Structures are given as C-alpha cells and as structure tokens.
C-alpha cells in the first residue's frame, strides 16, 4: 500500500491539519471530508478492489494527520466500514455511494451545530458574562445563536498559549458585536468570580464523561468548580470516543518546542539545555463538568456512556481495529 | 514638596521598578534601598529640617514606583519613622543614622534569605520534582541551598505570561546545574501529578495568611491543592503587610495591555476593539498554602497574624498613614 | 379560542391551584385531571373539531395555573397529543377515548405511589430519625408504608415558610402515630447531626438529575451532604421533565409578597420600601442527592436521562411546543 | 443571698433580656450595664461588705437573664473581680470605682464599634450586594460607615424566624437609604449566587474561632462557603469566650415553643402532640468563616485563641468560677 | 422440602463457602456451580417435578451459604428460572438443559475474566505502582495480563485483617514475578502518595454504583480519593445486583469474633467482656470510584443502572422473590 | 565518650523502650526520667565535669532509644541544658539540682494529665460513643475523668495492628466499667457513622499543628472528617516539637517486619521475597483535627505555633543541636 501515491488534495490537507494551520477539531474533520470527496471524485482506477484500497489509503493518511481528533476518526471509520461492506460492484457505484455518505456526514455536522446552537442558547441566562478558553466553532455557534435570541452577552477569552487561538476567537466574537475581554491564561482564577458561566468546546469526550480539549481547559474547569461557576461543554456526539469504552486511552500529543520557546529566545535567556514540554490537550474529569450540550440534548457527563452505547452498541474487543491497522 | 528636584539615582530606580525592568519584589526593595543610600550620601542641604524633608520625598517617590511591594513599603516606612524621630540635630547625624539603618535593613534581608534557604532546604525531600511559578529570589535561595545540602532536584518552571519571568528563573536554575522543564502556564494541572512539591515566592503576605504573588500563583496553588501536592510559600517576614490587619486591601495593578497584546498582533487579528486586562498579581487564599517559610521559622498561614502582632503590635487606626500621606 | 367560555369546574380548579390552596404537585395534577374529566363529560359540542378545540383549551387553562408543575404538564401534553391524533370521528368517540386515557393516568399515579411506597420503605433503616422538608404526598406514602412494614420512625419536619406546609405534613404524620418534631427552616443544620436520613419529594426532576422542590430543599440537601447524611428524593417518573433534555430551564416563580410580609407587619416595621422576594422553589443539584426513588426502581440522579430517554425518546426540537403554543 | 431584694431596675432589665424584648447581644449587654449603674448609684448600705455582696447579687441576676451572652458575662465578671479586689474601704469608694469601670466598659464598646465600623467598611468592595442574617448592631455599624465612605450597597436580609429580627434590621437599613431585599430564611441558597459578601454578627466567639449566633447563621455560612462567597463575622473582642479555652461549651437555649407555633395554629392544624424545638443560636465552625473583624483588627478565626490569650492569659482551671458560683 | 437429603457435594461446598475456606466471591460462585453440576449429574429421580424440586433445593442451599455473594445469587436465580420454565418433559431433558446452562455460565465467567483482563490492562500506565486490598481474582487477572502486555508493575498489598487474604494475594503476585510490598491495613494513607493507581475487586455492585467489597475497601478508596489517586473497580457484570434496583439493601455479615480475637488472647488481655464486632464487607460510595471495569467495557459507577437495566429490564416488585422464598 | 560504661538501669530502660515493651510515649518518657534519676543518684565521679559528661551520656542513650518521642526529647534537652549551665560547682550540687528538675518534670506531667483530664472531660457530651485508636494514657485519663463526671460513655477501640495496643486500651477501659467494642483497624469507616466523637492521643505535635501518632491515626481522622465527626487530639504541650519550627521533619521509623509477618507465616504463604514495610507512626494534617486538648487549654491545631513560640521563643538555627550532637 505504501507504493500508492496520494492525491495532492489529500497531501495538502494532511499537512495543514498536522501543522495546526487548521486549528479546531470540527474544522479539521470537515476539511478532511472535503479533501476525501475531491480525491474520490478524481479517482481513476480499474477495479472495485483498487477503489476500496485507494479510499482506505486516503482515510488512513487523513487519520494519521491528527489521531487525537475523535470526530475525524469516527467519520473516517464510517467511510472505511462503508467501503468494506461492498461486494462485487462497479467503481462508479462505490464512488457515488461513498460520496453520498460523505455528504450526509457533512450535513449532519451542519444540522448538529445548528441544533447545539439552539439548545445551548436556551441554557444561557438573558444577561451573562461568559468565559471561554481557546477557539471552538461549537461555542461560537451557541454564542452567535444566543445573540440572535436577544441575549445580552459579554465574553472573557483567554489568549490560549502557545498558539494564541484565543485571539482568533476574540476576533470572531467581536465581529458579531459581542464585547470581549482578552487576558492571559493564568488570570482565569482572577476573573472567574465575575463570570456567570464557563462555556467550552471539546476535542473528544470519553466513556466516563471526561473531556479532552486544548491544554488549560481542565484548569479553567477546576477554577470554575472552585468558584461554583457552572461549566458547560458543547460537543456533537460524533466527538464521543467509542474506543474509550474498552479502556483505550485518548492520546495526548506535545506541541513543537519551537512554538513555545523560539530558538532566538532560547539563546537570549541561555536556555539551550532546557526541556520544553507542552501538551496540546488536557483531560477535564467529569466531576468538573455540569452539562454536556449535544445535538441530542443536554445531559450530565456520566451519561456519555449512554450515547456511546446507543451509537456504537456494547463494544467488541476488535472495535479499535479501524484505522491504525489499515 | 513638589518643587523638590529628585536626584537622578532615585528617578532612574523609580523608572526601572515601575517599568518592571527590575522584576522580583526582593530585588526591587534592595535596589530602592541602594538608591536611597546613594541619594542620602549625596544630599547637600543646610538644615536638619530640609534633610528630613528630602529623605521623606525620596521615600515617597520610591514607594510610588510600586505600591504593591510590601517589603519596599515596610522598609521605607521604617526609614520615614527613623527620620521623624529626630529632634534638634545636625544634618550629618541624620545622614549617618539613616545610612546605618539602611545598612542594617539590607543586612537583615541577606541574613533572612540565608536562614530561609537553610530552613526551606530542610523541608525538601532528598529527591524531588518541584514546580515553581514565575521568578523568585527566595525560592532560588532555597533550591540553591538544597543543592548544596545534597538534595537531588528537578524543577518544572512555568513561563509566566505576559513577562516570561519563568524563562529567567529557568535560566538561573540551569546555571546551578538543576534540570529544568519549561512549560506554558496553562499546563500546570497536566504536570502537577508528577510533582512532589510546589514552592512559591510572595510579593506580600496578608494578616489572614493570604499570599499576593505573580498572577497565576493562585491557580497553581489550587491545582496543587486538588492534587494534594503540598504548597510552600517562602517569604521574609518583611513582606508581611501590617496594613491588612486593619482591613486595608493590598492593591492589585494591571499590566500594560501592549505587553500582553502588542499593537501589531492587535491589528493582525482585528482586535482593535478588544479590552485587554491582565492583573499583575493575584491572591492565594490561606487554605491552599500548607506552610509559610520565613526567617523566623515555618508555620501555617493562619499564624501570619502572630508575626504581624509581634512585629508591629496591635494596629492603630493611623497605621496606614505612612507613605501615601507624606 | 379566547372567546371560549371555560366550564366552571375548570375555572375553579385553576384558581385553587394558582392560589396554592392546593399545595402539593401530585395533588394539583390529580385535581386537574379530575376537573378535566368532569368538563369533558359535560362537554356539548357539534363537531369533533370543536371537541378537540375545547379539550385543548381546557388543558391550556389548567397548564397555565401552574406551569412549573411538570407532572401536570406531562399529563396535559399526553391528553393534547391524544386528541391531536384523531382524524374523522364522532364527538362521543373523542370524549370516551380521552376519559379512558385520563382514568389510566390516574390509575398509574396511584399504582406508582404504591410502588414508590414499597421500594422507598425498603431503603429505610429499621429504626430511624428522618428529616423532611415541606409537604410531600410521595414522602408521606413511603413513611406510611414503612410504618406498616414495622419500621420504628420519628420525623423532624421543617415548618417551611412562607406557607407553613410543614405543619400540614406534621399533622398527617402525627395522625399515623409517628412522633414528629417541628422546627424552623433555619434550624436544619442544628438537627441534621441527629438525623439518619433525609427524605424529600420533588416538583420536577431535570435531565441532569437536578431536583426542583419547595424553596429550602437545596439548603436541606446541602446541610445533609455536609453532614454525610444520605438524601433520598422520591418522585414518580411523570415528574421528570422532558423539556430539560433540550435545554429548556424549569421556571421558578415568586410567592406573593403579601404572604411573606403581610401589609400590617410591613407598616408596623416601617418596611414600605422593602423589596420582598421569595422564590417558591429552588433547584437541588444532583451531587447532593444520593438516590432517586421512582416507581421503576432506585437509581442515582445522573441516570435521570435514562428514564427520560426511555419515556420520551431522544428529544425533537419541537418537543416543547405542547402547551404554551396552543 | 436569696433574701436580698433586687432593685426594680435590675428586675425589669432582667425580664426584658430574658423575654428577648431586647434582641441583640450588644444591646442587651449595654442595657445591663446601664441598669447596674443605676442600681449601684441608688444603693444604700452600711458597710463595704454589704456593698460588695449587693453588687455581686446584681451581677448574678443580670448574668442569669441570658447566660449565653458572652459579652454580658465578660463585663459582669470584670465588675465582680473589681469589687472582689477591694479590701477595707468606704462604700462610696466602691460605688465610685465600680461606676467608673462601668463607664469605661461602655466607652470601650462605643469606641470598639466605631473602630469595627471603620475597619469593616474597608473590607467592603466599592459596590456590593451583601447578605446578612437576623439583626446585628455591629453589622449595622459597618454598613452605616461604609455608606458614609461612599460605598454603593444593597443588602439581602433574611426574616430570621421565629422572631423576625430581620424585619427590624431591614427597617434600620432602609432608614439609612440602603436598598433592602427581604426574604425567607430558606431562600438563602437561592440568593447567594448574586451576593458579593456575607456579613454577620456574633453572640459569642469560641477559642477555636467558632461563632455562636442566631440560629440559621451556620446554614448561611455553609451556603456561602459552597458558593465561594466570603463570610465576614464582625464582633468586638469582648464577645470572645475565655471559658471555651478550658473546654467549657457555650450553652444553646431553646426558644419558647409558643413563639414558633402559637397555640391557635397548633389547634388549627391538629398539632397538639407535636414536639416544637427551636434552638435560639447555632454554632458556625471556623472553616466557614473567612475573617473576624474586631476592634483590634482583622484575622482568621483560628487566631481567636491569640486574642483570648492576650486578654485573659492562659486559663486557670477556676476561670469559669465567676458568676455561676456567686 | 426440609425432608430432602442434600447430596454430599452440595453439603461440603456449602460448608467451605460458609467457613470462608473459599475466600473470593468469583471462586465461591464457580465452586458452587461445579457442585451443582455434579449433584445434578448424580440426581436420580422419577419425575420431572421431583427433578425441578431437587435442583431448586440445591440452589437454595448453595445460596444460603453466602447470601451476600451476588454473583452466586445471580447464577442460582438463572438456574431456578430455567427449571421453572419447564413444562411436561423428561428428567433427562431437564438435567441436560440445566447442565448446558451451567456450562455456559462458567464459560461466560471465563471469557469475561479474560476480557476484563484485556480492558483493565489497557487502563494501566506503562510503569506503575498499584495498591490493592485483600484478594481478588479479577484484579489478579488484570495484573497478570498487564505483565504479559509488557507493563512494569509493582504492587502494594494490604494484609487484610482479620483473614489475611492479602498474604495470599501477595503470594500469587510474587509467583508472577511482580515485586510486592506487604503492609498493615492502617498504613494505607501512608503509602497512598507513592501509588499511581488503586485497583480493587468487588463482591457486589449496586444500582447506584456503590461497591460492596472486603471491609477496609471504602477506607482505601477514601484515602485514594483524598490523595487524588484514581480508583478502578474490576467486576464482571454478573456481580451487579438487580435487587438493589428496587431498594433491597445488600446484607453485610459479621465475622466470627474468634477469628478476630482468639479466646487465648481474649483471656490474656482480660477481654472477656469485650464486644468484638467486625463486618466482613463494607460499602464504597460511587463518588470514590473513578471507573468500573467490566467485560462490557469501562464506565463511571453512575452508569451501573444502565447495565442492570439492559440485563434485567426494569424491575418488577417480585424480582427479589427468587431464592429466599423457594 | 564512647568508652563510658552506661549504668544498667539506663541500658535496661533503653532496651525496653526500643523494643516497644513500653508502648506509649508518655510512659516511655516517664520511665526514662525514672531511670535517669536512679542513674544520677548512683553516679560516683570525682569532678563536676565528669558528672556533666556522664549525665549527658545518659541523656543521649535514652534519647536514641526512640528519637521520635518528642516528649522524651524535650525533657532530655531540658536536663542537658540544665547541666550545661553549671559553672564551677560540686558534684553533689549538680546531682541534687538535676534530680530536682527531674522531679519537677514528672510532677508537671502528672498535673498536666490531670488538667487535660478535666478539660477534655468537659468537651465530651453527656452521653457519647467515642472511637479511639491504639493506646493512649492521655485519652485514658480523659475517659476516666469523664466517667467520674457522670458521663455515660461507650467506646469503640481499634485493635491497632501490628502490636495490638488496642487490646490493652480496651482492657483498661473495661476495668473502668466502660462498655468497649473492639474491631479491626479497617472497619473504622463502617463504625464512624455511629460514633459521636473521635478522641486520640499524640506522639508529637508539629509547628503547623500536624499530629504524629500510631499508624492508622490519619486514616481514622480522615474517615471522621468525611463523616463530619469531630476529632479531638489530647496531648500535653511537652509533646510539641520545637525542631519543627525550623523545618526539621519528625522521623518516622518502621516496625520490625517479623512482628508484622512472622517467619512462620512468611514461609507458609511462600512470601520469602515479599517486602514488609510498616511505619510505626503516621502524620495527621491539621485540617482533620478539630481541637487540641492540652493542659493550657483547648485550641485549634493552627495555634500550635503559639504554644511553641511561648514555650521556646522564636527558634535559633542551632535549636536542633541538642541531643544528636552530644
């Protein structure tokens, strides 16, 4: 399989996701589907076997770009299972079926985001100061909808080192007309007492209701818990990780040290020997989360297993054998 | 008094402290005493009244450079009270007496630091991973001493946004030969489970044992408390704030927005309208501090009042009328 | 629809529920069903369309009498959906079908109460001092059953300001022969250390397991949680609120100020300007509830979503469009 | 001693304090001193022995009016010790000395209240919603002072069953021009999230920093602690109980059942058999109190022992043998 | 039924289980099934009615040997229900059907243990110090598997008074080649800070996620919770107790005093009058358990109800009428 | 000094303390003083220098028998300082002075125990079930006194592995006529809910109020804290450790493995390779202790520093150079 040349659209998308040029998990998953669709459209092969093989190769490449992105993983697994189900059929049949599935996945995301926006907005008070951390499309959707619903909002955004996604979030909210206060990540406990609600996105949700999200999220949730400020996490159920049902941990990657401490600064401070280690995500335990907001409704994090159970059934041991083993 | 021209050494020192070119609280207090000594040495006046007036003016200027620095405030108040006690006497008598007092203050700081180093080192395990936040001379002293005492240490240092004093701390520790891991502030909860002890400095200690220190300190202490990692705060008793005994709060200043979000970035992200607000310090409540390490010994934060009581007596209402009202 | 004259039985029942002459939520729901049955029996209309319209109007009026009563809302929604399903049919058919449904609903309540009594009694120790707050038919059912099961009980009842329903509860329990201590609401923490169990009713149960009940309930639960006394909430599953699955908050109304501070007292104390505000209910978070006791069994509050899910399916956005929009 | 006829002023004052016609602890202590002064002024006896005996009898009678009032107990003990120190002297000497002591005690209370007002006001934010429970002269003093200091306040007052002292407190604050919200005691948890600070008075402060105050206080403090709202208790150091240093518990009395459940209501509800039990005070543990505000300054409750130690020395076993044994 | 003579294999097995010669709950259940199989094989009766009667008698006897063993109870109930379903059929048919069921139950246990081993091993870090309490086959299975998976483990085992099952566990782990530290039960808090994970077995799991296990388990879980060390409980879903869904408590038995305080020691210390009371099990509340590890996957304890619901449906009142009433 | 032959009484006492034949810390300290007195009485030397040298050698030997016994350390340090203060004087003068000091120390212990008994008894309710751990003379004194004071007590005693001192405690209490329940250490959480108070002794009290006591104490205190049962620690102030003021940790020794796992059992279970590790003491943090009961009165553990400060002044660096360096 390694002899297969990947189409350029796949290669470019993989690179953009890997380098974090595309930040958010929802965006990354959608871009991957888009690239997959284009690649399949352009696919020229002679047999259905070759088609299946190629599509699986595309999926594998996209998956490897960011294996921590559960939404991407769930989508790609769905595609792989779709193609694996084909028996004798034509290449065109495969292409059109898979493209239909992809279209549906993307539609579902769109509809889910809209539903989460509506449901989430209902949970916001009429007038509220909300704290959010890093950048999240789902949080943006709720705030945007709440504004339309006539809610009077102001938002505190953390800058979110090392990538400063908070600046992007602040910028998008400002464009909606929401007043934004930007601060450093470590000022969260200082501000939390003036905040009515913490609203966060998620990279992944585990079987026990724990949430994987941008590093610092668990600290924000802890400070909110201490101050008895409610913490809502908004995430489509496609971000729930079925692997965690059978004990597979979600992998946490480290950020490129150069981003955290540029060589120039390293030299200036005489820090050649220093060990720079910055996890990209951290894990927020369920006891610090008051509510999960999904397109299927709201529920306590301990009910995450119910969603997983209904979406994926009780797990088989082989469940995880989806993408790593292609 | 406003017609008085301040000597250049005072003006320059004031500027360096104000702009935070001089970071740490101990260092700033020592530099202020040094400048005061030079200014008094160079003082040319005709009467003891003028000498007193001038010295009080110097003190006031230095105090205003950073009114949150309790150590500086306590020292300057001591000097002001010394000169206020003079009756009829010569200018030389005043100058030599004050200089003697300053010398003693500086000696005491030196001796205190050494004692804190010895006492603090004893509280460290033989082999330990220690987490510290921002830059602190007192913490440095303990770690340095512990190394001499044969303890095997490694240290996790947070970068401490927005001024990155953590890089300076990391650099100084590396030069001692201590292995250092540098990370972003928001990764504290990620690392805390692998840490044996949190060791922090202080800008000020209040009557109820609360500690004022670089923003993020209270978040570090909270995460340590959650993880049941012990938190030690090392601070000379000259950092204890007598004003807090009569209910005066310690002022928290905000950092220059330009440092947090440089104009260039502000434009790049379209953040012209954003409200940038970053407190320089925050307050860690006594329940998250296991031990105060001072030159007089170790004790729980709730005993801070005992130190204040023995150092300053029960407070008078006029206690705070020291420096603001010169 | 506003031209429709409501039958007198509906109007009177609405008034009694609104004025809180009928206190408890179960009682109010049953009385509403009774009134509805009588009104339908007496209904004289010419077409099935008019019948449907009239029944919906009755439901709407009863619903508006106390929109916080989830049990009432669930029952009325069931009736509305029943009549909405009718196509071409006779008025008599409608009337008899609806009456049958109402009879079943009432039977179910009765059977549920009995089951809750049996299950709840099993969870009580052989000999116990139980604290309860305000008046609850469900709690009464359990205590009454436990007495029959040979358990030796004594009960501490709070008076439950402003309406003193605690006196009614005390009176009913005394008549069973159970020794009762009556105290003021604010003495709960004083008594809690001598209590073996807290047993409470509910006005509504939300998707996250939070319980809405008479104001003060959350304070009782908090004091019990602090003292590590177990808190059981007994509620039929018809009190579970499906609207909360899609983020709809349960409305909390305020009590008539005159009840809290009668005009005479207001004048006597010179309190003409005072703002009297007393919520009728408050919300007890799931972490202070050890067990929900329902007719389907006992479970932790976090499993409330499982009940809602099985009773109502995953929610549709339009779920709440039941009664407000008639 | 039982043959001694008490003067009418003593008897009347005793009755007013006992029946709680005089509510607050500070007021009761001051009224008792006043009565004592008048009684001593009017005292006509032949020997200094008789004078001492009479004064001790007055003290004993006043003490027994409300033995839980530590401030009163401390004052009376001081008077008793003063007269016990007299050797051979004239009746006039005794009378004038004791009156001087009484005048000083009253002056001290006045000065202390003023100082507590100043110190307490400093701890209030510029703009704050404050919750208080029941009636307290000391809290009133702080709020009154804060208003003069230009602070913008609004206050939530609980009605404080069964005696409704909250109405009196509300009335006094309204007359200052402070907006007041009055609510039932059990709504505390509902309001606490909108409150910036809880400010409470005290009947007594124990050696471990625990505070005895009107029943419900500990529930307010618990709810504030849960919501991370700071709790300040304001009390002159004359309310600190030296007996508690040697393990003597502070007695908690019960309120007259008739006040809680008037006979008429008892009959109406059929509650003849009910056991009505309402403690007048409860004990708030030190861990729920952030700060004690006294005339000597502010400190954590754990430092109460320092005050007691400095005011009364280390206790002797016979310490409590002051008033019970006269 | 009492006239029925039980086969020797049943009687012996009952005795071994009752005297705790067979310790663990899994082992006891398997041994009971084995005895049942042998007894059924050897059963010589003339009618199917007699066969059913005999089998039910065997089940009842085995159940009564240790009614707290939920796994045993679930298995026996399954067998009883199997035989109760028979209509007119031959004795052979009954015997072969029941034996098949027993074989399947035993196979399931075996497969479940293997699956729990695989899933549990995945949740262990690559290198870990694990604390366990008492003896558990399920924990042993996970540790054994983890060793095969290349994990580097060391284990702290408590001796587990009064029966010292910890010594047996230590011995089994040592034979695998795992380094073991053995300590007294009360040293758990001393060691917990050096432990990465607590791994425990279960006697039973209740509907609210509470876990019944060897006495001391709840203390271990509490100490781990305090130290923020994660607590995993491994238990096959056949240990989940359906009776608890309808409020039936799990019975806790007391250990023979002679085992705790042998007569000889009793005399030596003069303890003839002492009341020796030692519960065999205790109950660990769900809030101290981070994860349940079952053969169906991992989930938070609050989801135990989901398992019970899917395995047994919503409970009927008569559910418990299985074995006590035979 | 190592050439000096120690008197037999010293050697024997050292051995008894070391082997824990003498269990309690108070008893050990008193026995050491007794031995010291006898040895000094019998001392035959020619010069005061030799006398001083010999006495210091006795002290050193006794100190080394159990360096964790702070009471013993404090007493011996007092003796060493007494002899070090001697200038030119006769041997008899030294002997009589030191003996006088020893007599006073013993008298003080006796008086202190009596005072602690009186004070502690006052803190017990009239009727109470008390849990205690291991053996403590101070706890015994309080319970004995409380019995005389007419209190109705029953006591739960843990057996206290590995030395079973709980059996001794139970035996002593039974002889007083107090009903005693004896249980295993790990059943503490099972019993705690039926207990009114936990009463514990101490081996040492540190500057931050932490208490060193028999292993398991911190687990008992934790369980009591969880269950909101008050924890009182009774200890004479001679058990307060001045060394801890300057950061010296209190050493925790390990018990002889043979006592925990006798060789015979080791072989029987095949545990030759097991690492048996049992700390004799553990450290209970101040937050789990409600009150220290000393002969000077009761106070919160955070005030321990006040006692140390008043007994020993602020510490000098050389403080600890008392006995290790003789």
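Letters A, B, C, D, E and F mark the chains as written, and numbering starts fresh at 1 in each.
Definition applied: contacts are C-beta pairs under 8 Å (C-beta built on N, C-alpha and C of every residue); 3 or more make two chains touch, one makes a residue touch a chain.
All values reported here derive from a predicted model rather than from experimental measurement.
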Shortest walk length in steps over touching chains, chain A through to chain E: 1
Listed chain pair C-F, C-D or A-E that repeats interface A-C [over half of contact pairs the same by residue number]: A-E
Mean-CA-position distance for chain D and chain A (Å): 59
Length of the line joining the C-alpha centres of chain E and chain F, rounded to whole Å: 42
Multi-partner residues of chain D (each touching 2 or more other chains): 226, 302-303, 306
Chains grouped in pairs wherever the two touch, ordered by label: A-B, A-C, A-D, A-E, B-D, B-E, B-F, C-D, C-E, C-F, D-F, E-F
Residues of chain A defined as touching chain D within the complex: 193, 226-228
Partner chain F, residues of chain E touching it in the complex: 158-162, 164, 167-168, 170-171, 174-175, 179-190, 215-216, 218-219, 222-223, 226, 260-261, 265, 269-271, 273-279, 282
Chain B - residues contacting chain D, complex: 207-209, 244-249, 286, 302-303, 305-306, 309, 314-315, 317
In the complex with chain C, residue positions of chain A that touch it: 115, 118-123, 290-291, 293, 296-300, 302-303, 306
